[in-house]
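Below: a set of structures, written as structure tokens.
Common to both upcoming complexes is subunit A, partnered first by subunit B, then by subunit C.
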Partner chain A sequence: MQIPVEGFMYPNEVELQWSVLIVLYPYITGLVAGAFILASLERVFRVEAVKPTYRLALLTALSFLLVAPMPLQLHLGHPERSFEMYLTPHRSSAMAMFGFVYLWYLMAVLLLEIWLDYRRDIVLKAQTSQGFTRLLYRLLSLGSNNISERSLRIDERLGYFITLIGIPSAFLLHGYVGFIFGSVKANPWWSSPLMPIVFIFSAMVSGIAAVMLLYMLTTHLRTRTIDMRCVDTIARYLLYTFVIDFSLEMLDLLQRIYEADESFRSLDFMVHTRLWTSQVIIQILLGTVTPIVLLGLTQVLTLTDTARKRIYAIAGSLTVVGIFAMRWNVVIGGQLFSKSFLGYTTYKMGFATREGLLTAIVLMILPFGILWVLVKLLPPWPDAGSLPASGTTPAHGTT
Partner chain B sequence: MRFSGPAIQTPAHGKNHVFKDIEHLIRLAAVMAIGLIAFIVLRAAVVPRSFGQYGHYRGAAIAEAAAHPISYAGHTVCEGCHTDVVEQKKLGKHVGVPCEACHGPLAKHADDPASVTPPKLDTAVLCARCHEANSAKPKWFPQVVTADHSGGVACDTCHQPHKPRIEDEKTAASGRKN
Partner chain C sequence: MDLSRRRLLMLLPAAAVAWKYVEAGTPESSPNYKLTDHWWAMLIDIPKCIGCGSCVRACANENDVPEGYFRTWVERYHVSDWKIERPEVESPNGGKQGFPPNEESGGKNFFVPKLCNHCSDSPCTQVCPVGATFSTPDGVVLVDKTYCLGCRYCVQACPYGCRFINPKTNTAEKCTLCYHRITKGLTTACCEVCPTGARQLADLKNPNDPIHEFLRTHTVQVLKPHMATGAKVFYNGMDGSVR
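After this line comes the complex of A and B, so read on.
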């Protein structure tokens, strides 16, 4: 396959080494971190209004976290070898250490918090279900049916403590992804100490927007009424986070323009040509400025519930697309220009290949499949009964 | 308190009361401990004993690599027999290029020159590996666009690979005339 090259590229720069799957990886981990931060709003910062999304946010974070390493496994090949980073940890490799950050976040934060939060429901379901379902819930309850008031209070305190640890862990998880890119000192498009910070805030933006959309969509599908106080609060936090994220990105841009180092002309040309659509149109105009303006309008104008819902749906959708474009521009954009600053290459994405478009689409659909299973297993709805319909005990409200 | 539904009241049994309230956490800790122990056992079983002996790799790998049969004879072995080529190379730019860099690994030939004969090289392909023009190469390095320069004709039609400069031959020839 002939790759169109403009100007001069070093031989090893012509073909991109990091594909669309490496775009997905920070995108997915960002959604995890963002969803968790939204959940922590209710748990730690006591923002009661977002309570209806608390469990959904946790399950969303888990669904995406389970898929997060898959793009890397597919990109690297030999997934069986990935376990070796736990067996023989290489402490000087930032990428290898990510395995531990991932494991910590999955096992010590997310699974534990979900288990503690759902434990009462799990025990009740284990007591009221039959056959395989009963066995499954028994297994999830670790064979314990202890849901005394005191034990649940202990769970609550422990859960609070875990969320407290979980916030810096979520920052670490996604800041780490930014750190990987930011520390590639040979690449001026990536090498910036602001990179981890920008990644964290963009993660929060995408995660909050994704959970807001999921909440609105699932509530609509369940033919229930959307809690406007909840979505208004989420949208407000989304706006705040977005403003910080956008300011940081603009700060980075202004610094680059003013500094105008030897890479600037080359990068500037790239933004005005190859990245014009994905960066200026999709990421900045459609994916950032438009949602900020839309969300800002909801803060200054008195709008009907329907109008606000529509605005939130549009702003949320544009946001998740915009953040994806941001990941694309970082990962792909950083490989399109020559380190000689004299030429540009083209990214040729395959379709039904190991790192092609089809694989990327499947990987993006997969978390929603996992979420569907988790939602069936552990219903996150505030109005859902704690017990299955076939249960002998009357349903109890949860959370 | 997060839960709003009724909790199942379990009767307190004196000293066991506190234990009962954290019984599920003890179970969780036990599961984690089992997982950790299983990992430690697995690690001990699968990580090679020599791992980390010299660095972040399997120490025994060095001996295993050393035990592989030798493929390259080394240029000094070649030069032991091919003295005419050595003399020729001394006059050209390829003096520093080891024999097997172009001819490939020939330890078997060195061991048994009579029965193992090195294959004939296709210079149209071989020379281009180094001398195909590329802007990334230093300007002083001899390089050509082979399609324009030779059009697929084998390089050794004009160049003698062991002493590649044609001008040298011309100069030598004119020197002989004079």
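After this line comes the complex of A and C, so read on.
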């Protein structure tokens, strides 16, 4: 397949190394980190208004986290050797830490927090269900069946502590992804100390927007009423985070334009040509400025509930698309220009190939499938099921 | 097998010698070659390069380089007057078949052979998540293709575009400085065939190597010195437009 080249590329640079699957990797981990931060708003910062989304946010984070390594595995030339990263990690490599950061976040933070939060429900379900369901919930309870007041208080305290650890861990998870790119000194499009920070804030933006959309969608599908106090609060936090994220990105841009180092002319040309649609139109205008303006309007104007809901739906959707475009522009954009700064190549995405569009679409649908299963298994709704409220828990519920 | 005390005592010295090479990372391939006695580099004399492409062809033949990928290649520069920041560069098929006649008039034209710089502080080695790419004690950066994951991080990290993924092995590949040859006292395939001597293998630890005299008496440069990679391919007569 002939790849169109403009100007001069070093001969080995013509073919892009990191495909759309590597775009998905920071996008998915960003959604995980952002969803977790939203969950921590209720748990640690006592923002009670967002409570209806707490469990949904945790399950969303888990669903996406389970899929996060898949694009990497599919991308590797030798996926069967990937376990070597655990056995013989090269300590100077930023990428070598991925497995450990991932496992820490999955095992020590997310799974533990979800299990502690759901333990009471799991035990009660195990007691009230029959057959296979009973076996499943008994397995999920890990044999810890004590749901006395004292035991639940310990769960609560431990859960709080894990969330406390989870916040820096979420920052680590995604800041680390930013560092993988930001530390490549050979690539001026990536090399920036701001990259991890921009990644963290953009992660929060995408995660908050995704959970807000999921909450609105699932509530609508369940024919319940959307808690406006909840979505208003989420939208306000989304706006604040977005403003910080946009400011950081603009600071980075301003610095690049003003410094105008040796790479500037080349990168500037790339933005005005190959990345014009994905960066200027989709990422900045549609995916950033428009949602910020829309969310800002809801803060200064008195709008009806219906109008606000519509605005949140539009702003949230544009946001998740905009952040995807941001990841695309970082990963793909960083490979379109030559390190000689004298030419440009083109990204040709396959369709039904190992790293093609179809694979990417399947990988993006998969977390929603996992979320559906998790929601069935562990309903996150405050009004869910026929379980007794926390206050009516049997005092000596050991079985 | 019965292992007598006498036999064990006889085997121990051999095992001690073998262990030294295991610790050094690469088993000794030549009996008289001592890794720590060498520090390999290369000298490229730009005014001597005629852009014939012999080095590219020799490299491809010697190392079975797949078509369309290059362990070494040659670039032709055309710099018109003062436009040092915007040179016109071309490298059709890596310069493998040489170059068509130059139609540019005015300014200056020259050829620049490129290859892995075997950096002593190589970014590619730094970023490899499993250490499949490594520096040998004699200063050569190599890739263990039986261990490489094919994650391509090293390809991204190389500032010189010297690495690629071999489509047959799905692992990272680059110039080995013909390690299989230089450890047997031979020079690299590219240096061997260069008709003008524009490429010279150099051993910086050998006090009798002519490189020392050359470096003392000529103005040499490395590619992208601001990258601080400790590049060991030295260019004589390199124009400021080369990148």
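Methods note: the second predicted complex is superposed on the first by the 381 of 399 C-alpha atoms of A that agree within 3 Å, B and C clash if a C-alpha of one lies under 4 Å from a C-alpha of the other, contacts with A are read in each partner's own complex, and residues count from 1 in each chain.
As a convention for this text, a contact is a pair of C-beta atoms (placed from the backbone, for glycine too) under 8 Å apart; a residue touches a chain by one contact, two chains touch by 3 or more.
Worth saying up front: this structure is predicted, and the values here are computed from it rather than measured.
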item: Three-chain arrangement built on subunit A, subunit B and subunit C clash or fit; value: clash
item: First (subunit B), second (subunit C), both or neither touched by A:10; value: both
item: First (subunit B), second (subunit C), both or neither touched by A:142; value: first
item: Which superposed partner A:98 touches (first subunit B, second subunit C, both, neither); value: second
item: Which of subunit B and subunit C A:221 touches, first, second, both or neither; value: neither
item: Touched partner set for A:352, first subunit B, second subunit C, both or neither; value: neither
item: First, second, both or neither for A:185, with subunit B first and subunit C second; value: second
item: Touching partner for A:88 - first (subunit B), second (subunit C), both, neither; value: both
item: Offending stretch of subunit C which, after superposing on A, collides with subunit B (from 8-16, 44-52, 134-142 or 206-214); value: 44-52
item: Touching both subunit B and subunit C, residues of subunit A; value: 8, 10-11, 88, 90
item: Residue numbers on subunit A that touch subunit C, as the complex places them; value: 8-13, 15, 17-18, 72, 75-79, 81-82, 84-85, 88-90, 92-96, 98, 180, 184-187, 335, 338-342
item: Subunit A residues within the subunit B interface of the complex; value: 8, 10-11, 86-88, 90, 115, 117, 119-120, 123-124, 141-154, 156, 158-159, 386, 396-399
item: Subunit C residues touching subunit A - in the complex, by the definition given at the top; value: 69-70, 73, 75, 86-91, 93-94, 114, 123, 125-131, 147-153, 155-165, 169-171, 227, 243
item: Interfacial residue positions of subunit B with respect to subunit A in the complex; value: 1-10, 20-25, 27-28, 31, 39, 42-43, 46-47, 51-52, 56, 134-136
